[in-house]
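Some structures to go through are shown next.
Same chain, two partners: chain A is paired with chain B first, then with chain C.
Right after this comes the complex of A and B.
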């Protein structure tokens, strides 16, 4: 008991240090968690360890820039959390010891064409900042950016000294614009294109990122793992059809029968549920697998189901399936609600048509919001260590922060374990209810007929 | 520093969208065909088998119960039969005893009556005999008396007395 507690504390501190990649240098002046010139400050150090040649003046400039920020840059928990729950073009498992898996990067710039290479070409260092550019692309905080200013070598690889950022007014909103430092000059960077049209701070930029990102890799890994497990179970069912479930079967079967008996059959009906069972099961186990995968420490803490893009695609699939399978009754209830006064019908139609789109929208937002919130909560509690430790300056404060962070994080992780199941279940049950409402026939007609008597 | 406007996880990106669509559809297709469908079928088949087995067991139990009831019925019937037979036997026995008793009584009565008749007859015969004897005696006495009549009264009297004395009415 005593040893397990000790082990827990040790692994926890290891986890935090590896996640934040900071405590190892907390007593040197290099300690800069969220200064936006991180690489400038620490690049000299990394050049020694990684064997890069770095111009002396660049280092000097970096040091100067660093000095301007003071000895201890304040820890910014919000940015740290956002960085950790964002998708990335590199799979970092332990930031502290630099264990990173480079990922295939597929980039498309309309003016230039395709660039396909490994993200290892960026020489990714601490905080997932790249030390080198490749064909005019650089990596900052895990995601690929493109240099848009003239004068930067757009072909091949060059070493860059770091990143800085400035705030700009864009359509009346303040937006962070990142710059890369190369040979003492700042070069403006474009982030990848996003489909939000600027509403969420993105928009179409000079390039598109179709890479196999951290989230894509996580999805592939989890899918393969689930396939392996379920294939094993399916074969066991085939081999021993009359035996009680054993091994992986007994793990899968309760969840499988739960979704079938409590979700599929009650909402869709005994006659038609088999048609939609694969979709419901896929949604449940895909979401559950990714929710849980994101909760495993030391495996990157990927936030796939907390990513709006992923949930958007799943909600779109649900939207598509629901409306393609919609029967006459369903459309009648949307456009011309039976058994209400005529003047109410267009009003209800307007509400129902809105509901048609709000349903998948809520599906998308609920899952992404819940999972992202869980990740942010855990990261915030771990961030207490650095807030109390005054970003590494105060060892005693750090100890108090750690003492607070351990129970809070444990509690949060336990909650997240429940949330992982609940959100997967909620997504599935809502999908089932939407499908059930769309394919329902006759029942309403009977009901209304009875109502008239 | 940070604003909600740059909340990158909530910025939909075309690359991730295409990848997740591809992966999820493949997952749905492959898992549906090779995992979910066979598992669902195996489960419903097994559930059917289990239900069948339970129904079979129920049926067997019912049959057993029926058989037991039937046996019970048969047993009861047999028991009833036995008690009936016993009752009958008892009755017969009693009847026989009664009959025997009656017969015996009759016989005894008959015997007694016969004996009485015999006695009566014997008595009558004896009385007749006594009467006859007495008659003869009286005649002999009377003869003797008549013979002695001539010798005086006194002597006569003494003689009659002695005769009477001699007359032993056995």
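Right after this comes the complex of A and C.
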């Protein structure tokens, strides 16, 4: 019971923190997408290059201009994969049949104030593009953008015809700028919101997005599910303390005892492990639950643990727990390593201080990288269908692509099932080893000699 | 051009990590074969070491993403 409560508290702290930072990773994916689109544009097959000589302001354009993802656009596996692993403001279960769960959006623009509404107001259609605007906001590729050009109705809802994007030179780099089409005119859209205020390179946007996104919803669902099964298991232990585990207990108990006996006790020590066990268990089951949730087919395939911001917050929690609990020996080993010549000490201190920050950094990157890579691999294999089928133009090619994609995807999903467990375990074992190193006392032979004995 | 170079850099980092993890895994298997009763300790040590090797590669990949972006 104690654990389940702690788990819930921690999960909610993850939730709130990731909500505040959710836009970060979208910046990263944005930049990856940009580089990709630069490549395709240079080969001249993309219709965005035509916009080069056009002025940036809103201007008349024929109805022929359509979204780059229209029916005849060539299939672009990289941007499709990036779109599917990114966070979104709408939860799409199946894009084909259009089953979408609208999510609450909390938007803030400094000169305008708060806008709180459901993302269903965007009338989201194919490719998670909204068919309507609301209070000057539109939805493009699942995320909320704000219209910045004059003349667009900033109050209420209007129908928009589609989206287009062009490339612009910005500080020597080609940047993709999105435009919304409304009454035959193009209106420039702001980038996705970044709450860092553009410090990390995302650029300052005219609005901030605090919405409950797809990732946040997944986190809430998984946290509630974990809370429910842990509560159930805890009640069963309380009711029958001497009985063999039954039901959900037999699922939880092996994993729980494994983490306790193979991770917590060996790395932290028999005396102190109880203090850190709730944290380790929360991390393990939270990561495992979300890894597995993202693997369920036809359920949105959310990529929560593959989101850099979510893992960053988890790594920060670990960083603080490790350093707040750090004992004298730990800090001594960082700043003034004992038992080495004096001239080596400052050198080692520099290396150790770097290590202090590299540890959480790798913790963050490893989980996000592994899980995102798995999602991208599966999406690329599914993309084979559209590459061979020439975006639906060739049925035979599509059939060959499908015949290749099914076994490859099944194979990849089997691998990802193992990866889900391994990465949750690795995150936990590394956390335990960092904590263990921080709270360890007297681990040099000479320290023992001058210590208690 | 920087994008291509960054991709080559990421690839080189992955080769390095691959060799490293291969050595960790191979030696751990050897150790388990020599002393099967210590397999539990060796396995967790192996995963820990593989994670450290992977960490170095991840930093290189992150740097190359930044260079490409």
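What we mean here is this: the second predicted complex is superposed on the first by the 366 of 453 C-alpha atoms of A that agree within 3 Å, B and C clash if a C-alpha of one lies under 4 Å from a C-alpha of the other, contacts with A are read in each partner's own complex, and residues count from 1 in each chain.
Everything below uses one rule, namely that a contact is a pair of C-beta atoms (placed from the backbone, for glycine too) under 8 Å apart; a residue touches a chain by one contact, two chains touch by 3 or more.
None of the values given here were measured: they were computed from a predicted structure.
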Partner chain(s) touched by A:314 [first = chain B, second = chain C, both, neither]: first
Greater chain A contact set [chain C / chain B]: B
Which superposed partner A:426 touches (first chain B, second chain C, both, neither): second
Partner chain in contact with A:160 - chain B first, chain C second, else both or neither: neither
Partner chain in contact with A:263 - chain B first, chain C second, else both or neither: second
First, second, both or neither for A:366, with chain B first and chain C second: second
Partner chain in contact with A:358 - chain B first, chain C second, else both or neither: second
Footprint overlap on chain A, comparing chain B with chain C: 34, 201
Chain A partner contacts - residues on chain C that touch it in the complex: 3, 40-41, 44, 47-48, 51-52, 54-56, 58-59, 61-62, 65, 68-69
Chain A residues touching chain B - in the complex, by the definition given at the top: 34, 76, 78-79, 82, 85-87, 106, 143, 173-176, 192-196, 200-202, 208-213, 215-216, 219-220, 223, 226-227, 230-231, 233-234, 237-238, 241-242, 252-253, 256-257, 260, 274, 277-279, 281-282, 285-286, 303, 306-310, 312-314, 316-317, 368, 372
Touching residues on chain B, where the partner in the complex is chain A: 1-21, 23-28, 30-40, 42-43, 45-46, 49
Touching residues (chain side chain A, partner chain C) in the complex: 28, 31-32, 34-35, 38-39, 201, 262-263, 266, 358, 361-362, 365-366, 369, 422, 425-426, 429-430, 433
